[in-house]
Amino acid sequence: MRLAKLREQVLEANLDLVRRGLVLSTFGNASGVARKEGLIVIKPSGVPYERMKPKDLVVTDLHGKTVEGALRPSSDLPTHAALYRAFPAIGGIAHTHSEYATAWAQARKPIPCFGTTHADYFHGPIPLTDVMTDDEINGEYEANTGTVIIRAFKGMDPMAVPAVLVANHGPFAWGADPQKAAENAWMLEAAARMAFLTVAVNANAVALGKTLHDRHFLRKHGAKAYYGQAKS
Amino acid sequence: MRLAKLREQVLEANLDLVRRGLVLSTFGNASGVARKEGLIVIKPSGVPYERMKPKDLVVTDLHGKTVEGALRPSSDLPTHAALYRAFPAIGGIAHTHSEYATAWAQARKPIPCFGTTHADYFHGPIPLTDVMTDDEINGEYEANTGTVIIRAFKGMDPMAVPAVLVANHGPFAWGADPQKAAENAWMLEAAARMAFLTVAVNANAVALGKTLHDRHFLRKHGAKAYYGQAKS
Amino acid sequence: MRLAKLREQVLEANLDLVRRGLVLSTFGNASGVARKEGLIVIKPSGVPYERMKPKDLVVTDLHGKTVEGALRPSSDLPTHAALYRAFPAIGGIAHTHSEYATAWAQARKPIPCFGTTHADYFHGPIPLTDVMTDDEINGEYEANTGTVIIRAFKGMDPMAVPAVLVANHGPFAWGADPQKAAENAWMLEAAARMAFLTVAVNANAVALGKTLHDRHFLRKHGAKAYYGQAKS
Amino acid sequence: MRLAKLREQVLEANLDLVRRGLVLSTFGNASGVARKEGLIVIKPSGVPYERMKPKDLVVTDLHGKTVEGALRPSSDLPTHAALYRAFPAIGGIAHTHSEYATAWAQARKPIPCFGTTHADYFHGPIPLTDVMTDDEINGEYEANTGTVIIRAFKGMDPMAVPAVLVANHGPFAWGADPQKAAENAWMLEAAARMAFLTVAVNANAVALGKTLHDRHFLRKHGAKAYYGQAKS
């Protein structure tokens, strides 16, 4: 059963966020999508991680309508659904309030790429969304959070930079599956922490050059990757 | 027995402060109030947390006079009592020297609301008390600590912003019961830490707008709350 | 046997430094003094904490001459001995390279008293020694480290401010016995960390006033102390 | 078997990096060299530390050609090999992305020696390499990383300052054997962290004087060392 496996993957991705120290209290949620079935599996709202079981996860369609599950889905579901509809290549999403990434979001600053750690995972700076307008907040707030994220990626490949900072809120990360989304949320926090230290040491620090950025990202991604053990 | 249950709640709230890393040495205390009985239950002074039992807690009236208990109450009791008398809606109080909140108190700066994490718990910036005068310090110091806190909330609802920074001292937080007070002390520290990082990344960071602040606070509090599982 | 008990106290004080995260690698040592016997008990040099036994500790006279023990004493022994000779009220000394206190020492800045946490333990700012001269370094370096500390306390009561920062080196703390010395080293690090955060939040932060400083220090020390449980 | 022992040492050095919190995800690798045999033992690429066995390590010649081992060696092998060829006194190398050292590398700043903790291990500031040129990056990138490190040590003894920061990348450390390399990577991170705090407390902090620097380094290294227990 594909959906049963996805439930387990989504549960593990939620627990990965906790194990890596990215979740403050209940501020965090991960989801996954079954593209063929057009179904999203997401964390229920406000349920403690330590007691969560695969059956507690909520299954919805791509417009956030519950298909299976007795619990209310995460209140951020409309954001996840908007991203799944707009970014067809992504298979999982992770949202946290991890503290350094959130600080950059609160400071309303994109995270520059200062080093190869960042470049290994993100092919460019981490973009910052527009500050949401009153109309966007007063309307379908969570869906509009998706709208401002999608707008921030206009003309960009969301798989090349699989994370974003929502202004005055915090980070969303994604990936090919829920595990990759949780891993990208983790690496985003590490990049955010080291970028914080970098500007503290040198207020005029500059981003690394394009050649080095390309070299590191493409060492791990795409046809010419040569990092890790060969998959064949 | 309502009081027996309150003893357990107050003990757990004190331990919550320790488990969440908010207490340095013995700098921390939580209390609860039984409104009908007019009784306060509070941590004894300078007793190690790991050995504390419900029976070690001290029971006093709302003016801090001991009613039950062989040990001396926390030396901050007169502050707690003043707050219970002035703020009828609160059921528990937590005082810590958690390091980031204390740093803001020592810096004599209120904590601006830079993001939704803060807005989810506190409907405004965390206020800073006046610096206490020599007369206030030389007089009933701990009771006067209550006085300056109450003055900082003149015209404000203490349940909308359930925490304060006492200048050159540290934070007090409160809530509907001792557990909520301890949770608010925890979220205050998280907000203080992320606000610290925010101004370090951007010295000109601005608070989030009123519309977003309202949206987040009211998503979790009041009649239109829609976060978490329905209680009914 | 008084000396046997002192050996145990000194071993525990050394382990306290490790348990509280104040020791980097082997950078740390605690000692105690038996005043009547005129003997110092101190940690051996470069021995791992986890394997240290009371019998491994080295016993010396007040001039650092070994009286008992097969191992070489800590290379900082001449500093300890100088302090025991100059400060008759102290019974224990703890030296660490705890990171925030060391940062202040490296920055060549005394630690201002910004709040009541500091004031509860130290009745004034934490002094900084003079930068040592080439002659002081090329001569009896460790003994001269004691000399510059003693000079920094000229006209001051070392029990009122039981810690110091040695410029470009790190902190020494002391107290009535080895346990108190280790506790003061711990509280010094906490004060150093919060002072660091305070100046980062507000570069113009000012020290707390004398009245509040006195109130807190004297609440815990001296004839009118009223914190904790009565000793009688 | 010398090589069997070296495999164990290299495995332990890799685990030391993890135990000391210097490794983010799989960003870290340690190696050792058997000088007589002209063989390098190095971590395989992208293999989880917790499952690594001595037999998983890869053995290569000094030009990075695999001699034993079924797995692909760490992609940083050409950097290690270049250093072993250029620095005949070193017996082990450790590479991490430890966060404070990486921040200095990203900030393109050498780490000044502000205190005796640094001076005990490194006889001078930690040098920063040149920013690599596009040709160096597009060519044999990992081997050229070795080239810029070697260039940074022109006229210097690599055993006197056993670490370097590769600009926009991170630290490499080395030593007489793999354990010493891992220890130096650890002390480098500590020095980087305390140097960060030092400049944050005092933007105009100055390095410690040459006499004190010499005294501390030579207290632990060379013919006149007197720290620790005598080896004879």
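Letters A, B, C and D mark the chains as written, and numbering starts fresh at 1 in each.
By our rule, a residue touches a chain if its C-beta (ideal position, glycine included) is under 8 Å from a C-beta of that chain, and two chains touch if they have at least 3 such contacts.
Note that this is a predicted model, so its numbers are computed, not measured.
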item	value
Each chain counted as touching subunit C and subunit D at once	none
Same or different contact residues where subunit C meets its copy subunit B, judged by the half mark	different
Inter-chain centre distance, subunit B versus subunit D - centres from mean C-alpha coordinates, in Å	47
Averaged-CA centre spacing for the pair subunit B and subunit A, given as whole angstrom	33
Interface hub residues of subunit D, defined as touching at least two other chains	199-200
Subunit D contact footprint on subunit C (complex, rising order)	24-25, 27, 44-47, 71-72, 75, 97, 99-100, 102-109, 131-132, 134, 137-138, 141, 168-170, 196, 199-200
Subunit C residues touching subunit B - in the complex, by the definition given at the top	114-117, 183, 186-187, 190, 193-195, 197-202, 205-206, 208-209, 211-212, 215, 219, 226-230
